[in-house]
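Across the two complexes that follow, subunit A remains constant while its partner is subunit B and subsequently subunit C.
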Partner chain A sequence: MMRVWLGLAWAGLVVLPWYGLEAPLRAISALQPEALPALWQGRVWLWPLAIPLLMAIPGRPRLLALSGALGLAWLCIEGLAIGHRGWGAPWLGALFGAPGPTQPALGWGAAVYALSCVMLAAIGLARQGWCRGDVFVLGSLLLVVGLIVLFVGFPVVSILTSAVRDNAGGFAPDLFAEKLFNSSIWGLDCLVGTHACGVAWNTLAQATLVGVLATLLGLAFALAALRTNLPLKPLLRLLSLLPVITPPFVIGLALILLFGRAGVVTNFLALHFDIPRSRWIYGMPGITIAQLLAFTPIAFLVLVGVLGAVSPSLEEAAQTLRAGRWHTFRTVTWPLIRPGLANAFLISFIESLADFANPLVIGGNFNVLSTDIFFAVVGAAHDQGRAAVLALVLLAFTLTAFMAQRAWTGSRSYTTVTGKGDAGLSAPLPGPLRAACYATVLPWLVLTVAVYGIIMAGGFVVTFGRDNTPTLDYLWTAFSIERGVGGWFLSGSGWRSFITTMELALIATPVTAALGLLTAYLLNRQNFMGKGAFEFLAMMSFAIPGTVIGISYILAFNVPPVELTGTGLIIVISFVFRNMPVGIRAGIASLSQVDRSLDEASQTLGARSFRTLRLVIVPILRPAIVTAMVYSFVRAMTTVSAVIFLVSGEYNLATVYIVGRADVGEYGVALVYSAVLIVVMAAVLAGISAVVGRQKIGRRGMLAADQPVVVQA
Partner chain B sequence: MQPAVEFRAVTKRYGAAAAVDTISFTIARGDLVTLLGPSGCGKTTTLRLIAGLEHATEGQIRIGGKDVTRLSAAERDVSMVFQSYALFPHMNVLENACYGLLASGIARKRAEEMARSKLALVGLSGFETRLPSELSGGQQQRVAVARAIVLEPEVLLFDEPLSNLDAKLRRHVREEIRALQQDLKLTVVYVTHDQQEALAVSDRVIVMNAARIAQDGTPRALYEQPASRFVADFIGDANLLPVTVRRMDETMAEIRLGSLALTLPHRGAANGSAELAVRPQAVRLGEAGGLPGQVLRAAYLGSHMEYEVGLAGTAAELFVIAPDVSTPIPAGTEVSVTFDPAGLAVVPGS
Partner chain C sequence: MSGPTSRLRMLAVAAGLFGLAALVPRPAAAQGSVVIYCGVDEAWCRAMATTFEKQTGIHTDMTRQSAGEIYARLRAEKDNPRGDIWWGGTGDPHLQAAEENLTQDYKSPQLGQLRDWAQRQAERAKFRTVGIYLGALGFGYNKEDLARRKLAAPACWADLIKPEFKGEVQMADPNSSGTAWTMLATIVQLMGEEPAFAYLKRLNANINEYTKAGAAPAQSTGKGESLIGIAFQHDLIDVAKRNFPVQVVSPCEGTGYEIGSMSLIRGARHPEEARKFYEWALTPEAQKLGALNRSYQIPSNTATPVPPEAPDLSRIKLIEYDFATYGSSATRTRLLGRWTSEVKNAPR
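Right, the complex of A and B next:
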């Protein structure tokens, strides 16, 4: 075991090309010195990398752990200290003389060397008795932590460091303070004057509004589904899946077609009721409606779970104690679901803070942080420092809300009071409350149906609302197949981005699921020092808005030591670390239903943890694995906020392509493409749940498949 | 011969709280030893320490003479029957029974052969292809036992094996386990909180209380010579009465209980005040020359009567079991209370 990793580490130094991830093959053919392995480079600072490997002696665990740590440490130090244009930090230049040595970005050799060092350290620590001497557990733990530090921690730190620098790269705390407390972020002019308020206040107001309304709507839906006779359950279940498979911006697009200046509803009102056309939809009202359509189902899923867990026998007990319906609801049901309401509010709040696509499409002149970050980078200003500062503010908001949510759900859950299933009937809702529910739910359902109707149909008419002649032109533009000289080929303009998206999503899916479930296994089944911190780190990437991830990846991976921008790899990596928490949640949810004694039985029968994982846990978790894979695939296909920063000419993605079409007013193509995506996603979901839904293991029915996984857009 | 299991001053702490506090014991080969105690006393932690599912904070654990303190569960020659049975739900009976053999690298064909013979031993031939969910609770438990003994471990561990069975099945399964243990000459460590179950199956019982060993001995020794108030009360109810001791010789003492004087072994109790454990069956009501008392409550239980008797001049209430159901004594009757010396024991150190 140890010899294998030691051999790989040597291979990383002596055989594999040290620099360049994509270039090496080209470079090797041109015999460029960069493509040589580390020790043949003639770069002296790489030679010390061999020293730890000489120290790694079998039977000396302490030395082994030390050698792994030293190898990694020196790799980080020399990588960060020596950049592609000389010293990585000005003070190094002052110390050793500018410009200093240079080196390109790290390549496969370095990657294999780093991985081997992690494993050597894990073996060394395990042999000293860490993690009960379990190499597999310790190795996976160090590996996951290392990956999270590299692909979540390092980018976030890069935001911090570039926020405190000016655009030339010098350290400028004054400029940072000026940018951070700029009135364009924190100004309160809208309260006293006519100017717009600061973007931070805009964002907070928007998120609070959406949080409150989404929670109320979600509650109305949950009550209607569980506490009335309305035959809504199958329909609601379907609607709750829609936001998962809907690309986030198409709702904004559909709203424009309904309520914009030339929208269907606007036309109707202008024609028949003489209500003047206006642009009211662009801005806060439009964003609010779009986000409510997108996030209410999430609040609904949370509240259905909470409401469903309120034992009917409690309500029956209240009624036998002479409480009327209204009194029962007010004194029993409501207090029991209150923690759930707070949770639903915070989740919708975070979603709204992080939402990028709807404000982009329908925001008009109303700025929020996520769009401002984008325009600071791609706009004429191209001010990375400002983007970094805005990202910091947004990150502070979401992390605060995230921590509040965790603290709240951690301490205030009443739902597991009894472990026994209770029979009994839930109390029917008091009359006025039921009427209020209906009055909310039914119009909202009409709006939802209208919006999705437009999304599905809007691309198949000439100009929706004005010229409703059916046409296949847009479908043909995007997805035509023609016969040329070389036979059939895909000539539509959308094929390229569609296929790229499929490819990258399919590559990312198994990695995401594996990493997520491995992390879930470590969190749920193993005890180790710093477990709380590890869990926080792993789940934190859930709370980092996509725009922040996007900007941080640009800042962190644009220059050596790790240079990934412009590659497909960076998109895959962003998929993996954005969606990993879904796998973690699905994994933890179903692992906690599998009794620990199964692992222990396997262990006492002589199976070590890897074998136990493979033979006992993975087979039982198969439904959870499929769920995690489906969700990470779907999310990868529909995400836009992070990848809009990362796409390149070579690797363009479906969602970014659609946003581009919508941006130049080609709504037909955008809608057709969205409809195609939705149909493909729905087919994937339906196909998978048809396959997985049949597999039941015994009467314990440990299936996670029917558990709703709350997903962030 | 090396003992099968040996604990040398083993402590297990979770944070500051000790779940098991400096305990030492040995278990001889071929014995069935029960760890008995109320919930939270550390008995299950002790069992898991033997299995290697928990690792000791201090002290040494030896199995078959070998130091295993730092070995993981997979590396120890023990196997365990879990309270929930922990049968793998996605594997059939035969696959479950083979699991440990395959994990230790035995070829599948040979493993299946061995597993079949052990399944036959527990009376489950013909059930090989069933899933655990298709078996009754008692059958599931037999699979769990077969899966554990197929490895022929140095020590076999049972964690409350009867708690998921209904009352009638319990006595039957209890006897089966004991018979299997004696036929195969297995060393068994058995955890339970049910003192009757412990007395019925064990060669030896280790009573635990508050993370420590309260007493370690044969069932008879525990019942007849409890080492402490806790053991006296936990193993078969005991009335504990304050008495004065006056030592007469090496073994015997005169015990004064109110106006009664009894001659009993002093069991190390010093002159002065002490406590006397009185079994409910050892109290006689209505024989002349006893302490004055009054029946406070009486209950008819079919096979016997239960009384609560107040002793005159004290706050003590005696719990009494009387075999005579034909002439019950109604509540309120004044009675004379005497004792059968066979059901009395001075509790030392109390």
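Right, the complex of A and C next:
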């Protein structure tokens, strides 16, 4: 084992090209010196990398652990100290003389070397008795931590450092303070004067409004589904899946077509009731409706779980004690679902904070943090420092809400279904409440159906609302296939982004699921120091808004030592680390249902942890694996906020392409493309459930209270 | 092992194989490749890239973004440029990039064949850019909407601040859009800075939205989401040609214009191929692709036929646009800062 990793480490130094991830083969064929392995580079600072490998002696575990650590440490130090244009920090230049040596970005050799060092350290530590001497556990633990530090921690730190610098790169704390406390972020003029309020307050107000309304709507739906005899359940189940497979911004688009100044409903009202046309939908009202359409199903899923866990026998007891329906609801049901309400509120709140696409499409002049971050980077003003500051503010908001949510749901259990004698029937709702439920649910259902009707049909008419002649022009523009000289080829403008999206999503899917479930296994089955911190780190990437991830990836990975911008790899990585928490939650939820005695039995029979994992746990986790794979695929297909910063000409993505079309007003193409995406994803979902057994996915989608909650940001 | 598990495994293997196939570096064309940052309409960008690829065999990698976004990208990537050539988009950011030494000077042998405004653009930038088309600024209104409201048609910049158009005018945000920056600079040159800002503040009361993209107001006007949209005339003509009720107006006081430009990026990874594209893009054959893809600007090569749909320059009052001043970073930063604080963030 140890010899294998040691050999790989040597291979990384002596055989593989040390620099350059992009097309290393081409570089080798051109005999570029950068493509040479580290030790043949003639770069003196790479030679010490061999020392730890000479130190690694099989019989000396302490030395082995040390050598792995030293190798990694020197790799980080030399990588950060020597950039592609000389010294990585000005003080090094002052010390050793500018401009200093240069080196390009690390490549495959460096990656293999780093991985081997991690494994050598793990072997060394395991042989000293850490983690009961289990190399597999220790190795995966160090690996996951290393990856999270590199792809979550390092970018966030880059944002922090970029926030305190000016545009030229100098250290400027005054500028940072000025930017942080700028009135455009924190101004409260809208309360007293007629100026617009600061963007931070806008964002908070928007998120609070959406959080409250989504929770109430979700509650109404949950009550209607579980406590009335409305024949809604199959429909609700379908509707709760829809937002997952909807590209996030098309809801805003559909709302414009319905309620915009020239929208269908507006036209109708203006023609028949003489109600003047207005642009009321642009801004807070539009964002609120769009986000409610997207996030209510999540609140619904949470609340259905909680409401389903309220034991009918308690309510029956109350009624036996002669409490009326209303009294029962108020004193028994309501207190029991309160934590669920808080949870639903916080999740909707976080999602609204992070939502990028809807404010972009329908926000009008109403600014929120996520879009402001985007414009600070891409706008002509181009102020990365400001973008970083805004990102920090947004990050502070989401992390606070995230921690509040964990504190709420972590320590309390309000579950009353015990499995013992639960034969009762749930109390019917009090009359007024039932009426209120119907009055909310039915119009909302009509709106949802109208919105999705437009999304599916809007791309197949000339101009929705103006000229409803059916046409296939937009479909043809985006997805035409022509026969040319060299045979059939895909000539539509959407093919390239569509295929790239499928490819990258399919690469990311197994990696995301594997990494997520491995992490879940470590968290659920192993005990180690700093487990709480590890869990927090792993789940945190879920709370980091996509725009923040996007900007931080640009800041961290545009220049050596790790240079990834413009590649497909960076998009895959952003998919993996944004969606991994879904796999973690699904894995933990399943693992906690499996008794540890199974693992112990396997281990008693002499299997080590890897074998146990492979033969005992993975087969049991099958539904969780499917959940994780499905969701990471679908999320990768529909995400826009992070990747809009990361796409390039070669690697453009479907969602970014659609946003671009919508941005210049070509709604036909945008809608047709979205409809195609929705159909494809629905087919993938149906296909996977047909292959691996539909029932389990179905039940998870509806009932599990700690179901991984999935939405787009 | 149970059936579903092995099927699951097959699924995972299939996904993995498909993924691996994509990770393998895509075959590089024998003729090399070129990374184009394109600043005009998507259809035109795509036609340019594919036609060039077809004719030369050079693999093209095209990204379409607004001029402001490309400029921002160039600045972000200046330590490590990814693009080779920046083709299209309004001229001011090109001039700014030239001033900041982000682009490479180059004198094309075809320079003499270009119209004089295109040559002057090159001279201004010390030959770090060159003009490829000219587009005049203007505004458009929705004819149906105007008739329904029984309002007089606006004909001048001054008409746009009339109270009856309150909340009816749309323009892009000059911070992100080259189009809107041209409008801001035009108004300042027409009226002088102080009266111009007084005008813009009054106009602000009539603006319903500052969009991000320069062409968006033209689209909104066509769809009836806005009554009036300020944009380049060729964008408005494009919307009108698609059977939307848009009337294009050339303001009576005179109007500014853009010189869409092309620049070679300094430190490009494929300088040879970029130069080939540069030369090709100046030929009449390449410039004809604009009109074919519904972009009705006036092309810069004298030998390229002017599309009949293009705005008739003899009927437009063009101002003496001072590109040297209004293309410089200092002026731009100052005016944008002033506009943002005094106009955009002003009370409504």
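The working rule: the second predicted complex is superposed on the first by the 686 of 713 C-alpha atoms of A that agree within 3 Å, B and C clash if a C-alpha of one lies under 4 Å from a C-alpha of the other, contacts with A are read in each partner's own complex, and residues count from 1 in each chain.
Keep this in mind: contacts are C-beta pairs under 8 Å (C-beta built on N, C-alpha and C of every residue); 3 or more make two chains touch, one makes a residue touch a chain.
A quick note: this is a predicted structure, and the numbers were derived from the prediction, not measured.
Judged by the touch definition given at the top, the superposed model places A:Arg338 against neither subunit B nor subunit C. Once chain A of one complex is fitted onto chain A of the other, the partner contacts of A:Lys233 are absent, as it touches neither subunit B nor subunit C. Of the two partner chains, both subunit B and subunit C are touched by A:Pro619. In the superposition on chain A, contact of A:Arg62 is made with neither subunit B nor subunit C. Residue contacts after overlaying the shared chain place A:Phe375 against subunit C, while subunit B stays out of touching range. A simple residue count on subunit A separates subunit B from subunit C, and the partner touching more is C.
In the superposition on chain A, the residues of subunit A contacting both subunit B and subunit C are 619.
Subunit A meets subunit C in the complex at residues 22-23, 25-26, 84-85, 184, 193-196, 256, 260-262, 278-279, 282, 360, 364-365, 375, 377-382, 384, 463, 466-467, 493, 503-504, 506-507, 509-510, 554, 558-559, 563, 565-566, 568-569, 619, 622, 625-626, 629, 647-650, 652, 660-661, 663-667, 688, 691-693. Those residues of subunit B lying in contact with subunit A across their complex are 51-53, 55, 70, 72-74, 76, 78-80, 82-84, 86-90, 99-100, 103-104, 131-134, 144, 147-148, 151, 157.
Residues of subunit C that touch subunit A in their complex: 1-2, 4-5, 7-8, 11-12, 15-16, 18-20, 22-23, 25-26, 28, 35-36, 41-43, 46, 61-65, 68-69, 71-72, 75-77, 79-80, 82, 93, 167, 173-178, 181, 208-210, 212-213, 215-216, 218-220, 222-226, 243-244, 332, 336, 345-348.
Taken together, the subunit A residues at the contact with subunit B in this complex read 129, 132-134, 595, 597-598, 600-608, 611, 615-616, 619-620, 697-700, 702.
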